[in-house]
């Protein structure tokens, strides 16, 4: 089957989710990835939102984490305080994988979703942290969605909204954060992972028909590409689930 | 009508409650006083318990603050955390009057409900603070029930469980507590109040047929008695309410 | 005022009485759900100015207050409305043009600030934000903070764990309590004295209400006290925490109200169009806010059948199969 | 283990697996209401020893654990059972005879300690206790605390408000988080994967469960997942926070379970009698705990008709007109 890059991104992210994980996700494609994973490779994963809904039925795609569609058939309706405490909690937090997005990312997977320019007089304003800073601070693993773009993959962020590996090995510990950090970055061209010893991003794979060169041209810092391989395109099964079970109205896929 | 001293105590405490006040009360006679006040002089007072029940219907006398009888017809079923936060809250806490009891009281209205002797090897152990320390720390006014007894009215407590006026004027402020403190002590012989300028207890009144002398004999420190007057006995109306509306089964009055 | 008296008021009177120019305000709801929109429009209509607004992730409500020119300072975690506006447009314009001073926190940090206010403590601790610019960069400078007794002297502070490594934490961020002058909420049910029942996710509405000096609740249905008290466990706020009750069907429109109606995707898309253009936005305000006397008149302006289209399925809580493209 | 698997276990197996000698334990409920009594009796029956127990105001459950010789250390706010025992008798004897080390906190302080554990922070601030001996006198000395990695080095600490006079507070008491190895709860309803619904007051059960590494829930009725999920707002714990589900009718007896049964005043009065005399108490244990195989056998020992007498009125939630003299 033919597929779009958005579909490839959703499938690639879904493949990153481990069975049994508790998936914190936001709106849009991250929600699709979480929904798809549950139907494909991670049947025992549990989707939960910062708004406090746990394991909702999701019969229709929510267009916001506060969409009433996240409330149907949930195990419980917690408050925001409950949802974030669940991630900071020593026993439940370690089972959570967070899916995040941002306007800028640096080589250590730190994210900016706040603004461009000088903080007191921004050239461009974005929505701000929302729960991203909390998730990045609390959970063991995060998966990051990014558009592959020179202005988005930058050596230094204008504003560090959400902690990744900070400045590398020991960075989080020095700052007082718990263990864990970004595991993968899924873009519209490929997938990056992070080196354990340096905390730096490296290219792990390119999507079908995408060259390493074209990816490097779409980022403002260098990364190791020696481990890059071509990523398998979405299978017919994956596409069918995504299109028919997750977003039949194509509210997010388009 | 004839009456018992327990009935006199309940009525005397009920008279202390102001209309519109939110009454925090424990079990036993303090609950009766709060229930009676609502039927007599303070129809707009609201009874609430540390267990989180607010303005319950109280068709039967609860024998514990966690008695299921405190749950019926309440405005809401909060948690313990909600109940105590309500008293520490800057806007709601100031409307609360707390009714407390203890094993020992000192001239400044500080209370001991923890133990007698050395803390690490007590001669006598009592239940402990429960919510008393919280109430004494948070609210503007407390009314204290005590048995008039030399071993209970002591110059120095074995253990300070619940703050009254601490060591007198400015004591609470120096300790970091908010304004407010004990307003009255109701015993089985009379009523004490506290001097604004010294924070010390003075005898405000004796119950019918009780002499000032006999009260002083039943306490281990001296108090000013010059302002003492005889307290009006329970009216027939007060007794009828107490006996028929509050405790028809005489679970607490006996 | 927070006792068991009858607290029914008109929205016009409640806003006139409790929402004053320059006051510190917080509103309930989250992005496109249960924002107290009728109250928001009334505030714009009464031309309140210089408001200091506290929000966690209120998209539509906060964006319209900003667009209406009512807001001078904003403390917030997230200024977006999901798919309808990844970044709220009037919010973005106001910030980029320097008309709006913003202090950024994380979503949990803002929730904890309301919770601290509700609990009556000056701060609460959190492990979120360590190593980030949320800790380093302040939107409100130390001078401005010292000069204003209604602001804490610090945005936040970082301390070493006074209990060593207890709970495996070496450092904590302490976030200061918020005690707004007024909190506005929209709920499904309330009684005359102000006991409130919210169905579906409560978000941070309860903490926001308890943190505030005054609380205005608009509700879909005014119900008997007995109805709420037959099931106390389903109620979120006791009458002791509420100052004004305003019965107001569709009071959250165009945002959603679980079990009653969905968000209106057409309205929110149209709003996005207006918001992008100054002239169009002025036209939007003139027609939908200043051009109507009250919320009912505003609802009457909507296209025939639109309010029926977003009516919620009683079981699912939202409008099943609603076209949201 | 806390996932969506089937978690049904027998009480005997759940206690054997999760409650180990010397473990740190907390139990839900309050004085004479919804104590997990069946679990308490099973712990005594299995002769668990050296338990470190955390409670706020658990009367009956904690007193029986102490009477059963299971408890070595106790951190508590209140050791009473209302009118039935202003001071719990076995608790009092154990303390006065030096067999039980106690650390005293206020009720709110204990609740905040569980809440801190649930939130994953090392402490929470409170204004309660300033100027009292709760701050000054420690039951567990600094040496004992430093020697035991499972205890914080300090009972609590007092700090100056880092935000000056913000929220009108100059000083705060910081109370350390509690993270018990196991929390035992009794609820009205649960499903196979552990989603829990508590009716009536929840007390601090939710915080106690979320603070714990392991959670055992006994319930009156095992219900279908669909039944609980049709009304998510009425549930208190998601399955993600629970490790074992034990269907156990009358599992809180002789304490009350709102909507199901009242506390048993006759049992509690008889218990008081036994508790006052060492020989009588040994006889009580031999007959009612060691003499029975399980909770059902314990219930069968009760006088004919007694369990019917305390059956709750479905509307009022308790046994109307029950003779409680």
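Observations on the structure shown:
Letters A, B, C and D mark the chains in the order given here, with residues in each chain numbered from 1 onward.
Definition applied: a contact is a pair of C-beta atoms (placed from the backbone, for glycine too) under 8 Å apart; a residue touches a chain by one contact, two chains touch by 3 or more.
None of these values were measured; they are calculated from a predicted model.
Chains making contact with subunit A as well as with subunit D: C. Averaged C-alpha coordinates give centres for subunit B and subunit D that are 27 Å from one another. The distance from the centre of subunit A to the centre of subunit B, each centre being the mean of the chain's C-alpha atoms, comes to 57 Å. Taking the mean of the C-alpha atoms as each chain's centre, subunit C and subunit D sit 38 Å apart. Among all residues of subunit D, those that touch two or more other chains are 120-121, 126-127, 167, 169, 172, 179, 200, 233. Shared interface positions of subunit A, i.e. residues touching 2 or more other chains, are given as 53, 71, 77-78, 88, 90, 138. Taken as a contact graph, the chains fit none of the simple arrangements: neither line, ring, star nor complete graph. Remark: the chains found to touch one another pair up as A-C, A-D, B-C, B-D, C-D. On the side of subunit D, the complex with subunit A involves touching residues 2-4, 118-121, 179, 195, 210, 212-213, 228-230, 232-233, 235-241.
Against subunit C, in their complex, subunit D makes its touches with residues 116-117, 120-127, 152-154, 157, 159, 161-164, 166-167, 169, 172, 174, 176-177, 179, 199-200, 233-234.
Those residues of subunit B that touch subunit C in the shared complex are 20, 22, 44, 46, 53-55, 57, 71, 73-78, 85-86, 88-93, 95, 138. Interface residues of subunit A facing subunit C in the complex, by the touch rule stated above, are 27-28, 50-53, 59-60, 63-72, 77-81, 84, 88, 90, 114-115, 119-134, 137-138, 159-163, 166, 171-172, 175-178, 249, 251-252.
Residues 29-34, 56-57, 59, 76-84, 86-88, 91-92, 95-96, 98, 102, 104-109, 111-112, 115, 126-134, 137, 139, 158, 167-172, 200-204, 206-207, 256, 258, 262-263, 265, 312, 316-318, 320-321, 324-325 of subunit C are the ones that touch subunit A when the two sit in their complex.
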